[in-house]
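Inspection log for the structure reproduced underneath, given as structure tokens.
By written order: A, B, C and D. Residues from 1 in each chain.
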Amino acid sequence: MSAVHHGLKLDPSSREDARRRLLSIRGHVEGVLRMLEDEQVYCVDALKQIKAVQGALDKVGDLILRSHLRDHVVSAHQRGDEGEIVEELMEVLKYR
Amino acid sequence: MSAVHHGLKLDPSSREDARRRLLSIRGHVEGVLRMLEDEQVYCVDALKQIKAVQGALDKVGDLILRSHLRDHVVSAHQRGDEGEIVEELMEVLKYR
Amino acid sequence: MSAVHHGLKLDPSSREDARRRLLSIRGHVEGVLRMLEDEQVYCVDALKQIKAVQGALDKVGDLILRSHLRDHVVSAHQRGDEGEIVEELMEVLKYR
Amino acid sequence: MSAVHHGLKLDPSSREDARRRLLSIRGHVEGVLRMLEDEQVYCVDALKQIKAVQGALDKVGDLILRSHLRDHVVSAHQRGDEGEIVEELMEVLKYR
């Protein structure tokens, strides 16, 4: 677990914000599931809903990323773990 | 509703496949929600889970897109709705 | 060469438009090259220019894609090459 | 100019590496320009070349980003410009 290794943690207010958004995303996923129960559903309508869920997930990702940059990345040099911090960040950003 | 307009629908087997994958994605979102209940959670661990959910959503999107191309787009010229089919597809692909 | 195989070609006006945009993109790349000759150049200024070039390339890609959808994909069923058309399109869209 | 404001600069070896890669990208763009002179060029062949150029630009972007993280972002707290560093980074990453 990287968490244990670092002793770094997500700040409480970003964590709460991320949770609230993910609850809404879960609801949105359930909406798409119901949509797919309809035998008449049109492909493009389903695609649009999936893109909307991805947009909402991007926003959760941005909020956690900003909090990580602000609380952990900008002070890595002082802690002395900058090599690890940079590589794991590059790894996560690759999937964007 | 585009579905009504077109009278086109998502083929049953892609619809079932998309539903099964979305059920698993809902479970994954719930896993991230539980992860965020942990006050010690590390930002990068949360980011990785969100990227994994997005990867799974990309796969659902690809499967619906392929089915749409195969069942509706390649035959648009015969139906005579190619103008609309192309523009709505460009619109959806823009968000990729 | 897929071109020979298909006997399909990019329509002349999209080809001209793509060429004109790529000439401007080449000029933009040369601008970034000159920017990088400056020993004082700031990373984020270079990153912004690279993102701008990518945005311009996205537009060329969109214009060729729209032309391909309109001229070749929507009529694939009539030609009978829909299987190949769909798979090569999915392959190209994966990199978006 | 952010560069003047910060007094921060791209490290010489990343700058050289970025320049070398951009020279090769300029050559690739010229190759696509010649390809588009061919009246028989197939849309998907042109799209593939554009995606290849974008992949090469992504690599230049990654190399400058890694250098920026390593040389400037991880030490922002010590310099005291972390607010600005985080916001401009979020802005640049948005376009990825």
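Criterion: contacts are C-beta pairs under 8 Å (C-beta built on N, C-alpha and C of every residue); 3 or more make two chains touch, one makes a residue touch a chain.
Treat the numbers as computed from the prediction; the structure is a model and nothing was measured.
Touching subunit C and subunit D at once is no chain at all.
Among the other chains, A has the CA centre that is most remote from the centre of subunit C. The distance from the centre of subunit B to the centre of subunit C, with each centre set as the mean of the Cα atoms, comes to 24 Å. Distance between chain centres (mean CA atoms), subunit A to subunit C: 30 Å.
Inter-chain centre distance (subunit A to subunit B, centres taken as mean C-alpha positions): 17 Å. For subunit B, residues touching at least two other chains, in rising order: 65, 89, 96.
Taken as a graph of touching chains, this assembly forms a single closed ring in which every chain touches exactly two others.
Partner subunit A is touched in their complex by these residues of subunit D: 62, 65-66, 69-70, 73-78, 82, 85-86, 89-90, 93-94, 96.
Those residues of subunit B whose C-beta lies close enough to touch subunit A in the complex are 1-3, 6, 8-10, 12, 15, 18-19, 22-23, 25-26, 29-30, 32-33, 36-37, 39-48, 50-51, 53-55, 57-58, 60-61, 64-65, 67-68, 71-72, 88-89, 92, 95-96.
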